[in-house]
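Encoded as structure tokens, the structure appears first; notes follow it.
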Amino acid sequence: MERILEQAPRFFSSKNLWLLLEAAGMTLGMTVVGCLIGFALAFVLVFLRQTPDLWALPLRVVCIIYVEVFRRIPFIVVVYLVLFFIQAVNPNASLFTIAVIAICLYAVAFTADIIRGGIESVPITQTEAAAAMNLSRLQSMLWIVLPQAWPVIVPPAIAFAVAFIKDTALVSQVGVFELTFRGKELNNQGYSGILVFGSIAMCYFILSFPLSLLGQHLEKRLGTPRGQRRKSKIRLS
Amino acid sequence: MAHLAVSDVRAKYGSLEVLKGISFSIEKGEIAALVGPSGSGKSTVLRALMGLTPITEGSVEIASERMNYSSAKEVRAARDRMAIVFQAYNLFQNMTVMQNLTLAPLKIKKWPKAEVEAEARRLLGLVGLSDKADAYSDQLSGGQQQRVALARGLALKPQILLLDEVTSALDPELVGEVLDAIGKLAAEGMTMVIVSHEMGFVREVADKVVFMDAGQIVESGAPAEIFDAPKTDRARDFFSKVLRH
Amino acid sequence: MNYRFQFGVVWDNFHELLEGAWLTFQLGVFAFAGGALIGLFCAAVKTYAPRPFRFIVDAYVVFITNTPALIQIYFLYFGLPEVGLRWSNEACLLIGLTLNAGAYLTLILRAGFISARITEIEAGQTLGMSLLQQVRYIIVPHIAKAVYPALANFFIVVLVMGTSVGALIGVDELTGQAINLSSVNYRWLEYFTVVAGMYVVLTFIASIGLALLGQWAFRVKARIF
């Protein structure tokens, strides 16, 4: 305890705070970039998977296996596989890129099911009405299905991304300068583990907690039917 | 030459044959009504015409072009010539009434915006919903939604309009309005194929009645012939039940 | 890419990976079981206890679920020796994972508690059941049925995501063994490919076991795929 009090002024120096802020930016940045790319890829994957044509059949099998397998492999194992695979292909790839690829691969597997659930929540009759007007499958998806599927997709997708902020702590192992990595560094410099990891935990908390509240808020708001939503807005103004 | 000619069309759901060789034809400006018990395949005929239920055999001639829906191009051509109004309206929930009406004319047919919007307003007036252009479908009653769906079908300027039990969800006092609108269309020369359980309506508007049962056409002819002097026991039995009230 | 895969060396050391898998499985089971006890207690507190106690549980759940398990374990491993609590890395991992799982299981079980409908409990009271009997015959079976799929799913999360964190503080579970072995002969890709496959097999065995258990004990269908 005395040690913590003695170290605290030095630990909370502007240099260290700046370092932690930068590291928090890194943590948030790779989560956001990885999840966004993963989300986009998952959408493409689901779209292709639902293609009725025969050529898409092997693709469907691949998609199912991909989703099923990735949910059963620890993130840290995926990180190591991506690290060494990418380094074998391109030794100059940055660690940030490697982390983003690993996050992205993982996010695809987890969000694909969320997106599929959202799309399947839109009645098939909507798609039929669109098809009868000669909308292509893509047009029908973009103009009719997705706008109606968002309320089902967005809350769990945000919940996944927010939860994943914490899981990205594992990429510290391969040397990305994010929060956990900086925490270990500071600990190695002789700062108290309680002080360092308590502070790092607070950093994650500050990132994660407001976003998870936002997710819950969106879930409630998007859950209300459109008519009622507009009415409640009017009442507020 | 017939405006619409359906020749020996067959369709399957899985291993169950739901259309077992359907053939009928109508001239330009005529209205054909498909009637028969539930599950007889009436709605499936309309779905097959729109390429929503694939046909296994047979062909359809629409405005002197013969097609069997074997390629995406043919399906597109059929959908370009016809429009369908569904029993459950199927309005796009994420769009306003106006957007529902103008989506396909603007984005698919690529007609000029001013023209499309003016036509959409005219059609909303026709179905008595001029003041609902900016409403969403969850703010409309079932009857209002169905009239929007009718206007949406008309906005595509189809050569043939398919109506799948469009009045079955309407309030009694609204049925008249919709029937008037359909009557006006008939007078304008709109060719239509309608599926309906309302025999009074069919007798009033149809030029030809096609009685179906178990995926087959049992008999067809002018409304008076079919309703008043059915030739088959099956039709006699059916009409004696539905015409009683 | 001209990387040549050489799996021979992995098979030579396969028994060590199997030992790692066994430790992974044990850690998963114990952390989950401990977490379930904590979760049950906290969910009960949240449902039935007065406000200050509910607040403590809320603080615990919110703090744990919004910080990484890895940081919680680092805190135990690198921080607690400063106040005289020096535990082995395996103990730190197990305690950390148990506390972590406890918070998530509080949420899962709490949802089950809420779903145990008041009317059923009232029916129990009119039948003259004691509180203990109500718990035994009405509440527990109802909750078990409602939360079993979520519990089974969370067990897989603990087994995969949870235990693998141990590799970062040198616990020789499956991922840890892969790191140890591959840093000797640098066949990283081979080791981690095989280990990934072992995780898939391990979790499939667990999923099938849980589905059978659920059917036998609570007559619920848990998803394997």
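Per-chain residue numbering starts at 1, and chain names A, B and C are given in the order in which the chains are listed.
Just so it is clear, a residue touches a chain if its C-beta (ideal position, glycine included) is under 8 Å from a C-beta of that chain, and two chains touch if they have at least 3 such contacts.
Because the structure is predicted, anything quoted here is derived from the model rather than measured.
A simple rule picks the central chain: find each chain's mean C-alpha point, then take the one closest to the mean of all protein C-alpha atoms, which gives A. Put simply, the chain farthest from subunit B by mean CA position is C. Taking each chain's centre as the mean of its C-alpha atoms, subunit A lies 22 Å from subunit C. If you average the CA atoms of subunit A and of subunit B, the two centres end up 46 Å from each other. Averaged Cα coordinates give subunit B a centre that lies 57 Å from the centre of subunit C.
By the touch rule above, subunit C contacts subunit A in their complex via residues 1, 3, 62-63, 66-72, 74-75, 77-83, 156, 160-161, 163-165, 167-168, 175, 178-179, 188-189, 192-193, 195-196, 199-200, 203-204, 225. Chain contact summary for the complex, subunit A toward subunit C: residues 1, 3-4, 68-69, 71-78, 80-81, 83-85, 88-89, 166-167, 169-170, 172-173, 180, 183-184, 187, 192-198, 200-201, 204-205, 208-209, 212.
Within the complex formed with subunit B, the subunit A residues making contact are 125-126, 128-135, 139, 143-144, 147-148, 225-227.
On the subunit B side of its complex with subunit A, the touching residues are 50-52, 76, 79-80, 83-84, 86, 88, 90-94, 103-104, 107-108, 136, 138-139, 156.
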